[in-house]
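Reading through the structure tokens given below for one structure.
We just call them A, B, C, D, E and F in the order they show up, numbering each chain from 1.
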């Protein structure tokens, strides 16, 4: 009888908190958006599912052994752990005290939850986002950028949103590190945002990742009105000259040039851009196709699954259901909007100054959100002039935006990191 | 706020300087490569991006031999 | 000269124990069964090979650095480690003492064996069986189950063997935790058995895994006599009505419904069924095909290799050559038999009570052992009536059995786990 | 032994209750989906399970163009 | 203003040492050799790129958190760490002191560099080279060897270079362990060299791996002159008899026979040859094709990438730019040369003694360097006699060389390992 | 130096002994397998090394049906 009661008392219904119920709903919403609305499903399916798993009451899938012992353990276990930690929280305790606390939790038969494990193996180390970035590098074609290198400026301008948002976040009472991690949402690049958030404000990772991927999925709705606001019909009709062909040697040398510049000018961007250039060099060199293929397929897919679940593990009710999350979501969309506008305005300026015509619509692609933002440039261009195909022209600023936000991330990590 | 503005300037400054330097280096690199290739090789076709044909050889062989077979039997029949 | 002697004294022949020789033979037998007889080769080739590797004398492939130092180290090293551990065994020692012992072993140039490493990274954490379960989810089609959901009852009934065997194991002097791990052999599901055994009785993992996979391979020999014993020829000839088509939406919603029920009713089954549902949702959602493909191929294959080797590392002579192993093998087959019988009897009962005819032969598929048990139902059905194709009807209870044994595992982990 | 029997009852009870609840929920879900799809869409063909054709496009194209080529040359020869 | 200065002072240009600049050049040279000259690109692209990443100033990609804190930290952090370590270096400090040092570094916001992480997860454990060896096993066809097993002797003779070089290295003031790791370059087998170097002389890993792969790539230039020096034109024209067909059963049994011999005679070679035989058995058994395919593709590719980057992390200026490196490079090529010569001489001897004719050119393939060395044998043979195809005959000694150097590695690990 | 020579002897000795034993065992194993297969089975063709045809079934079907289609239409046309 007692056993039956144990089972009932240990069931989810008996233990679920309002927050967990809400987060289950949030998880379901993310799955709905990913599956039915096609919002960045490759990330939002694992993140949404991870959110549900992390909020299953009692199961503790996203909690460490110590945290589970403190939540669900007997009074003696809790007292022993607290004594071992010496009255401070686990993260403030010394390494020896942490080790003792872990030992008590393991003896009481608690083990790290599987999502906590994925998170600590792949995210706290930075390995997952960096491997994803390597895979993205192996899938990126710098041809259009090399044919028209001045579009790199568009990828610079569109990062303005990052820094403006950073100031906004500080004004909204976030700490400097938190504000930097929030600003990077405007970089419109998932792995960069996750990497920076993990380093600077891991407690906000859930909200930041959800904001980044959601807004990347919403690019076709967020960007067009802004693009039209800042351009005239004539500007949108501008035809650009055909891109020159780019030789394989240039494509091979570009990631090396970029890497050396990073090494010499901004070493703090070296982890992100280093792995990115490595992936790209594997692809373009043409001598390691089997490595490049695996990087673009099995490896990036596996890491995407575990990255998504790990991010989902940060969508626990206690961390996500904060007023801060609403602020982050609001700041994120502001960052996107400012980035888009600055990209367009820079393109207008370049069109004025440059000899060759530049359609300002390709400026918005500078936020990155590859390849969605470039497709949006193309689509809005076609609305103005059905003969005007901007896609290849927009791919240059689009990949430039990836470099731009990685550089911005380097600056922020330098400034706030240590 | 003061610090915030500094940060915007510092950040955007770094991003712009870095990308401008990258533009310069990339342009120089491209020029060098193009002049080198113009000088030492016959003007190279831009190699298509690793676009190996996706048809496995075995399949091609099968298709071709099916085709040849057809051809021959059609011919043979005609010849009769 | 001394060196030559060292080599000779350090050779395998000079050090092999009778137990190790026997275990080499067991490893060879498993390879023979897997390769020549086709017994579950995907698991038994790695397990068999792992068994051989773990029993190579002196090499210590399945031992930790400390264990190797204690077995093969100089007297001083052994004394130092024992002093560091304070007179108790390694697993009873405190975390600090363990750390000191490791340090001594590393300084004496001992390193963790590669199989020990795979075991501790993948099995003690639970990661390998859970990832395999995700892959199995991504390969499972719940269509037949959705077309006829009441076959879930067959997947429930067939778990009876688990609990009866558990009692039997307790009667044979196993502890409660050990008995639970042994009972789960009757669940006829490899990753579930391995997951539960790792949590409740890791010292029995080798015997339990070998029993589980061997009996799953033997399903075509174990089940038919039992199925015929409990059914009449007329019953075996029963034709079932064609299954209705199932829409994609139902297939997408099913893993979500199952996950939510687990969350609300039995959180202890959440790791297993959560990962299972995640794999299935990736497959059915249709929006993350590249993730689903990798999960079903590269990922599950890689993990299967290392899982098999890790399980093999638990087939060391000292652990496996126990009378307990014989008891486990006997209890395991009893569990299979009872599960099969209960599935068939439940199907007979449902046939009596239900409006639509149910061929009792599909009951035996409720043990799981996907898809072997369903094929056996089909084959025995064809013997009775050559026009009677039961395969699709048996797939429902077959996948229901996977859910059933994961639920049973949740109950056991709840009851014995902490 | 007493405890053993309790455990059997508890375990099988939980398994059965869980699966019965799952039957109920699944049945309701299916009913809901079917009535929804009957109402809002034209009766949907059950989508075949992710059964994308395994023939790569390139191969199909090759096969088809081989076929067309055959056809034409056969025709041409006949026409002569 | 101060911030700007910080950025400038933190840039790579302001911090680069001459050594790092030289190593960037070495990295570029390796990439050039790999991409333009086709030198073993699968390894030298990742190693070369890793070399560049490890020598980016300030970034610390190849350094541990503690090492970074000691290099770039504030005076207080450095003082605190030194105090925690008690005045000795990190590797000499006790485990508790190391833990305290790590804690201080983490609190000061330093984290392990990503390449350091790959190195410590994959190389110090031995996992990466062993998994690669499993993959190589899964790609090896022992058919030609089984058709003519006496060619195993050629794979033995060619290991002579290993031991001669070892003596040379000791004469050049290397320690015994270092000399053994250097000698193994003559084994002409990448994973074996890396595995041994990691165990015996990790500080020399960079130079040893670069030497091993460079000389393997140079086999077509190193071997032919030596081969011609030791053979007459008539000998090079010798035609060998057609190899007999080999049954699948023999191919399945061979890895098992080899494994059992290792187990009984030389357990120290068990990690390398065990994983090798496992890969080969997966391939030949024919019952686990999906595991074998993944091992030969996704798995070996992923591990190759991370192995290469990890090896590159040992090409830091401080470790690589030593006079020792030049000595290692010189000794390595001597080892290759002696191995080649001994293989050829042994083949000449066998030709004299054996009833069937043996072309001495196949002896050079005994160094391993699969399949390059066998192709060289074939090519030199064709020069002497355009009708003489030696390729299949040379594949036997070629794979024998892999076994031979793994056995030699076992002897060295036994002798110097503990 | 003394130790070095010992080491060479020891190392090469072990390598040779090991590989000679391997030759002996492999030869015995092959003999046994061959005599066994000669006795119990009809002389087996050496199974080609896991060389499954690389043409997916679907493609083969497509090729064949294209072929048949050609054949028929060629025939039909001829028949007219």
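A few comments on the model shown:
FYI, a contact is a pair of C-beta atoms (placed from the backbone, for glycine too) under 8 Å apart; a residue touches a chain by one contact, two chains touch by 3 or more.
Note that the coordinates shown come from a computational prediction; the quantities given were computed from them, not determined experimentally.
In this assembly, the chain whose C-alpha centre lies farthest from subunit C is B.
When subunit A is fitted to subunit E on its Cα atoms, the angle of the rotation, on a 0 to 180 scale and to the nearest 5, is 120 degrees. By number of C-beta pairs in contact, E-F leads over the other of A-D and E-F. Centres computed as Cα averages put subunit D at a distance of 48 Å from subunit E. With each centre defined as the average position of its C-alpha atoms, the distance from subunit A to subunit C rounds to 37 Å. Rounded to a whole number, the gap between the C-alpha centres of subunit A and subunit B is 28 angstrom. Among the residues of subunit D, those in touch with two or more other chains are 7, 10, 14, 59, 63, 66, 70, 74, 78. Shared interface positions of subunit E, i.e. residues touching 2 or more other chains, are given as 3, 7, 96, 99, 265-266, 286, 297-298, 411, 415.
Residue ranges on subunit D touching subunit A, taken from their complex, read 6-7, 10, 13-14. The residues of subunit B lying in touch with subunit A in their complex are 1, 4-5, 7-8, 10-12, 14-23, 25-27, 29-30, 33-34, 37, 44-47, 49-50. Across the complex, subunit E is touched by residues 94-96, 99, 125-127, 130, 199, 252, 256, 259-260, 262-268, 270-271, 274-275, 277-278, 281-282, 285-288, 290-291, 293-295, 297-299, 411, 414-415, 417-418 of subunit A.
Subunit E contributes residues 3-4, 7 to its touches with subunit B in the complex. Against subunit E, the residues of subunit C that register as touching in their complex are 3, 6-7, 10-13, 15-16, 24, 28, 31, 34-35, 38, 41-42, 45-46, 49, 52-53, 55-59, 61, 72, 96, 99-100, 102-103, 108-114, 117, 297-298, 301-302, 304-305, 309.
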